Structures are given as structure tokens and as C-alpha cells.
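Okay, so subunit A shows up in both of these, paired with subunit B first and subunit C after.
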Partner chain A sequence: MNDTNIKLNVMLVDDSILILRILEDILKELGHSVVAKAKNGKEAIELYKQHNPDMLLLDITMPGEFNGIEVCRQIKSNYPDGVIIMCTSHGQESMVRDAIKAGAKSYILKPVNKLTVTKHIEQIFSKPKA
Partner chain B sequence: MSLFNKLYSIAYGVSHTKLEKISLDRAMLIDMSYSEVIMSNIKLAFMSLVTILVFWRVIPHENLLAWLAIAYFVYALKIFDAFYFRKHKHEKSSTYWENRFMLLTLAVIIVWNAFIFMFFPHDNIEKQIVLTVLIIMITACGTTALAAYQKFFVPFQLLMLYPLVYEYTKSTGHAWILIAIYTAFVILNSNKIHGILLKSMKSKELELKQVEFEKNKKIEELLNNSGESFMVFDENLKIGNLYSATSKEIFGNPTGRDICDLLNMETDLCKHFGECVKDSIESSAQSEIFLSLLPKEFKIKSRYFNARYSKLFDNKIMLILSDSTETHKLNQQIKHDKTIVDLVKNSITDSANFFATIDEFNEFVKPDVWQTYDSSALYRIIHTHTKEHLINLALSIPLIAYMISRKSYTTIPLLYPKKKLLNYTHFLNQAFIKIFT
Partner chain C sequence: MKEDIAEIIQEYALSHFKRFSELSTMQTTISAKEKKIKLHDLSAVISMGSSKINIIIVFSADKTFVDKLTQLETNGIELDKDEYYEMLHATLAETANIILGHTTRDVGLNKSPISLSPPMLIESSNSMTCAKKASLKSIIFISQYGNIEIHIVKPTGNHNPILEECIS
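Entry: the complex of A and B
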């Protein structure tokens, strides 16, 4: 269970089933719900429209016509308040920069672990103390 | 150099360079100018009404009423703009507000000068020339005064009433005496204003220099004592004159040098570095995220340095380098040992993922499967296989794959033609078979 008592509806997008499984395990352990999972950009855009999640964890390199940056750009143009966190690896800093400029809120470096996910969720969703 | 600063420097005789250095003062002046708009325009509205009432006795003309209506409309616009500024000032850049303020200010000046044209002497060419010159000068002075200090606008505008005062006093029979008194009043008033402005500007400049000097001294003392190397650079990646003693020991005098050259960055990395610095300076909300994308370690003269970055208030970036050569060596050893431990741990505690990864990879490396993929698809799959789970599974082979995948996704098919990628996957296949059987 997370320390902030926030329960989020999260959507995951990654072309690797294993990464999706690892992320889902971590989020469930933190008390969040995984409302949808997509393996490519096109599927991600469709599922986002259906579920309108609180947060989207989006892989930056993906197969198909839309990579992570393009998915981020499209979602942000229709849902400006949507929270998108990019999942990325070392050496992709230039792509992360493009993603942040496209509207992503932050980024998580792989390998993803419980501590990193918790830290990002707290930073983004915790209300500032009065 | 913004229009605001240009006019400001013309009005007070302060050099452009000095103005650029005291950017805080500039932001403060925009705030101050806007804060005085409401009262200033109420005063102007009153002054306009009094002016019309006075001159109605001499020249009762309907144009005076038309002028008053237009003037009131412009004052209302300025007051509305001041309220709008209060509510939305953080949403737009200071340049935007400067330009907006200047445009509306110009509208006020035009309205006031239109008053002169209403009494333009059509029959006398000399008077026309003198008045035209006067109008141009007053417009320039009035705009600069209004842009910087609202409360000095009204005295400046007194000049514009010259022709009107003349027309009015002519009818009383003491025209030249009154004009002389009025001129003396205007000149004395103008000199006084100029003196006050110059003094205020100079004292503000001195105050800012003192604050900056003390701040820099404190930072320098603090960081010199920490034994770390720190340097401050700007958007153009040029290092300023604020640096620690340790920096001098490593690089010599770094002032004026390019940070990319100093840290031996390659062209691509330097380009990325510059873009992130620019984004960080321009975006206040996501400044830290852009800084986090900058390199975190540099190798300088066979030693390793950890790099930390911090955005300063005057749109500059501070780089702090700490010698991490010993830690780096230890980390490399720990990383190697950890990979082996993780491999063993994962295979015991998370056997499902462990075997799923092997199955997934074995499926991919079947010749009849991977030979059907094009270069982009092959690269992407190899990239996927180099992620955490695979790095944890085997040691050197996925690390090679990882190094290759560090190249840009879009350029890799060009750098690694299909044949080379196929050879590579074949190599991986053989290597994995050897490792896992």
C-alpha cells in the first residue's frame, strides 16, 4: 500500500509483456488499479479514450506507426490534463526531452522498481502541505 | 534588447549592457508600471475633464466632446489591462506584457496629441513646423516616461498644452507673460523629474550590484570550502566569472570558455546539452526535469567526476563536479557483482519471469522467425531484449546488445544494415544456446 493513500486508475503501454507484468505487479502492490494495458501506440490511443485513466505509464520506443512520443502528443492534444509518465532506458535522453516537450509530466528509468514508481506518483499526485 | 529596455535606456541615459545585467530591475519596473495604471488613468480622466471645461469657454466646439469620449475609452482600456495583468501575469512572458503595456501607452499618447491637432494653426507655416517637432519630441519623451514611471506622465504631458495655453492667454491680453511663466514651470519640472529618475536608477543599480556581489561571495566561500568544483554558465554555454578554486586547479581559468570544450563533449552530446539547458531556462515548471537529462558523469584527465546541475535565479546554470574516481571503480565492481547476484536471485525467486524471458528470446532467435523481420523490427526487438530482465539474465551478451541499442531508434537501421543485424542475432543465438544448454 502506498503512503499517500492515493488510489489511481493506471494504464500501461509497453511492447514487452514482461515489462507490463512487472509494472502491473508493482502498481497493484501499491494499491492502484491497472485499468488497461496496450502493446502498441495505436492500441494505446484507443484504450485511453475508453478508460480515461488517472495516469499513463508509456514506453518511449514502441513498434508500429506511433512511438511513445507520438502517442503522448496525440493524447495530450485531446486530454491536456492527462498525466503521462514515460518509461525509458539510459541513452534515450534526447527522446525523453522530446516527450517532455510533447507534454509528458515526467519519466522513469528502467529497470523500474517499486521505489521509483512510488516516488513519481507521490511527486505528481501529493497535494502540497498547507 | 526589448523595446521597453531601449526606451528605458534612452530616457535615463543608462547603457543597454547595464540594463541587460539588471534583469530583476526590469521585471520589477513592469510590475510597478502596471500597479500605477489605475490611479494614473483616473487622474488623467479628471485632468481631461478639467481641460475640456477650461477650453470650452474659449473654443466651444463639439470636437472637444468627441475627444473626451475617445480619451475615456482609452483610459478604460488601460484600467482593464491592469486588472487583466494582475490575474494573468504569470501566464505570459515579460516581453509580452512590456509590448502590450507599450501599445496601450502609445494609444494614450496619440489621444493626447490629437488634442494638439484640433488647434493646429493652419495659416502659419512656421508655427506648423515648430508644433510638429514639438509633437514628435513630446511623444518620445511621454512614452518613455510613461513606460517607466506612470506618475511622471502628467508633467511631461503639460508640454502638449502649449498651443492651448497660447490660444487661451491670447484672449486675456497677457499672453507672453503667462507663456513665459508656463515655460519656466515646465522646464523646472522636467529637470526635477530627470534628476529624480537618474538618482533613483543609479541607487537601484548600486543596490543590485551590492546584493549580487554579496551573494556571489557567499556562494564562492561555501563552495570553496566544500572542495568541489563549481562553475556557472549561461544559455550560450559560456562559463562566467563565478567558479571555485577547485575548478581553477582542474581547468585553469575557465571564464569565457565553452562548457562542451571544457568537459570534452562530443558534437551530438553538446547539442543535446545545449538544448536541455535552453529548455530548462525557458520552462520554469519543468526546469528540473530538463536538467536531469544532462550527463551525470564526466571523465576529465583520467579522473571521473559526478555532475550536478542547479538553475540560478538569473537564468544561469550552476554545474557542480565532485571527484568520484574511487567511487566509480568501486561502483563498477559492485555493479558487476550485483548483476551476478541478481541473476541468481531472479532465477530462484522469480522463476516464472526468468523462464518466460528465455522462452521469449528462444522464440525470437529461431531462424525462420527473425529472418522475416526488417531492420527496424529487428532493432526494436533486440532493444526490448536488452531491458532489465535480460540484463539480469545473462552478463556480457545483452550488455553488447544494450550498447548497440543506445543509438537512436531512427538511425540504427542505417548504421546497422539488415545483414549486420542478422549476423548479430545469429551471434546472440549461438551465445545463448551456449549459455543456457
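Entry: the complex of A and C
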């Protein structure tokens, strides 16, 4: 269970089944729900409309029409309050900058682990102490 | 800072594998003697390059090693048979992506960015032979669960100041 006592509905987008499963496992262990998983940008945009999750974990490089930056841009234009965290490997720092400009809240470097995911969620969703 | 791309890859690969205590005794060596790549059970081929030069990097591993790595990465998540098969491929592809992602950062530091192609997966114990106009360096990792090798194929005769200085 997480320390923030919040239960998020999370959507995952990555073309790697490995990353999807690892993230799903970590999030469930932290007490959150994975409401949708997509393996490409087009599917991600469709599923986001259907589920309107509390948070989107989004891979930057994906095959097909839309990469992660374009998905981020489109979702933020329709859902300005949507929380998007990018997932990326080293060597894609310039793309990360574009993603932040497109509205992403932060980014997680692969390989992903429980500690990093927890830290990012806490930073974004923890209420400031009175 | 290391300048040889094989040494950079070796260092990042070793730290990637040694995240897991089961792989902490892994041994590694670099060889430049061979002209032929002997492919193991599963391989991933990635092109790394800029606008002027591309090198080919082949990750080739025993299935027993990828099995173990998948088991460690997924931390005991239950998978059905079809999903597990797909997961083996994804594990090798993601491993290659992460290690080379780190490498491109060092190679391209303060210089032009270096791009990576998506991994191409090969499932066969066969071999690849380098043409005369190519050189080959191999990094071999030996574990109790089987081996993984990373081969770096460099074309000779192309000159790109960014990559060229890292490929001795």
C-alpha cells in the first residue's frame, strides 16, 4: 500500500508488454488500479477518452502514427488537468524536453522500479502538510 | 570517462544485469578477434547512428539466460504460456534499448544526438559473418544461467567525428 493513502485510476501506454506488466504489478502493489493499457498512441487516445484516468504513464517512443509526445499534446489539449508522466530511456533527453513542453508533469527513466514510481506519485499527488 | 563504445556498453550492461543479486557474479570480457557472430537462441539487432554513420549492435543470448532475466524483471508475475513467450522477446528488446539508451547519452554528450532503431528480433541459433569492410568487437557476459553476447559491427571507410572517436 502507498503512504499517501490515495487510490489512483491509472492508464498505461507502452509498446513493450514487459514494461506494461512491470508497471501494472508495481501500481497494484501500491494500491492503485490500472484501468486501461494501450500499446500504441492511437489506442492510447481512444482509451483515455473512455476511462479519463487520474494519471497516465506514457512511453515516449512508440511505433505507429503517434509517438508519446503527440499523444501527450493531444490529451492535454482536450484534458488540460490530465496528469501525464512520461517513461523513457536515457538518450532521449531532447524528447523529454518536448514532452514537458507538451504538458507532461514529469518523467521516469527505464528500467522502472517501485521506488521511482512511488516517488513520482507522491511528488504529484501528496497534499502539502498544513 | 571511457571512450571506447564497447567499454561503455560493457559497463552499462554489467550494471544493468548486476541490479539482480542472482547475476552479481557475472563475468565479462571484450574480444576483437572474431569475424563471425555465432547467434544464440534469441537475438536483438539494433542500428545506432547519426546522419553520417551507422553501426549495428547485436545482443544474442542463451534462452536460459533470457528466461532468468525475464523471471527477475517480472518479479514472479504469473504469465500464461503465450504471454511468457512474448515476454521473453520483450525482455531482450527492452534490455538492449535501456543499455544502448545509456550509451547514446555518453557517446552524444554535448554533441549531435545519436539515434537508435527499434530492435529487430531473431529467433535462431545461426551465424552472421562480417563482410571485409567491417570490423567486429564482441562483449561476452558469462553467468551461471547462460551467456549473453553483445557484438558491435562497424563499417570501415565511413567517417563521422562523433561516433568514429568512440569506435577504436
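Quick notes on this structure:
By our rule, the second predicted complex is superposed on the first by the 130 of 130 C-alpha atoms of A that agree within 3 Å, B and C clash if a C-alpha of one lies under 4 Å from a C-alpha of the other, contacts with A are read in each partner's own complex, and residues count from 1 in each chain.
Basically, a contact is a pair of C-beta atoms (placed from the backbone, for glycine too) under 8 Å apart; a residue touches a chain by one contact, two chains touch by 3 or more.
What you see is a predicted model; the values in this text were computed from it and never measured.
Comparing subunit C and subunit B on the residues of subunit A they touch gives the larger count to B. Look at A:L115: by the touch rule set out above, it reaches neither subunit B nor subunit C. In the superposition on chain A, A:N67 contacts subunit B only, with no contact to subunit C. Look at A:S106: by the touch rule set out above, it reaches subunit B but stays clear of subunit C. By the touch criterion defined above, A:S94 lies against subunit B and subunit C together after alignment on the C-alpha atoms of chain A. According to the touch criterion, the shared surface of subunit A, contacted by subunit B in one complex and subunit C in the other, consists of residues 16-19, 21-22, 63, 89-94, 110-111. Listed in rising order, the residues of subunit A touching subunit C in the complex are 16-19, 21-22, 25, 63, 89-94, 110-111. Residues of subunit C touching subunit A in their complex: 16, 19, 70, 73-75, 77, 79, 83, 86-87, 90-91, 93-94, 97-98, 100-105, 108, 113-114, 116, 118. Only residues 272, 275-276, 279, 286, 289-290, 293-294, 353, 356-357, 360, 377, 380, 383-384, 386-389, 391-392, 402, 405-406, 408-409 of subunit B touch subunit A when the two sit together in their complex. The part of subunit A that touches subunit B in the complex is made up of residues 15-19, 21-22, 61-63, 67, 89-97, 100-101, 106-107, 110-112.
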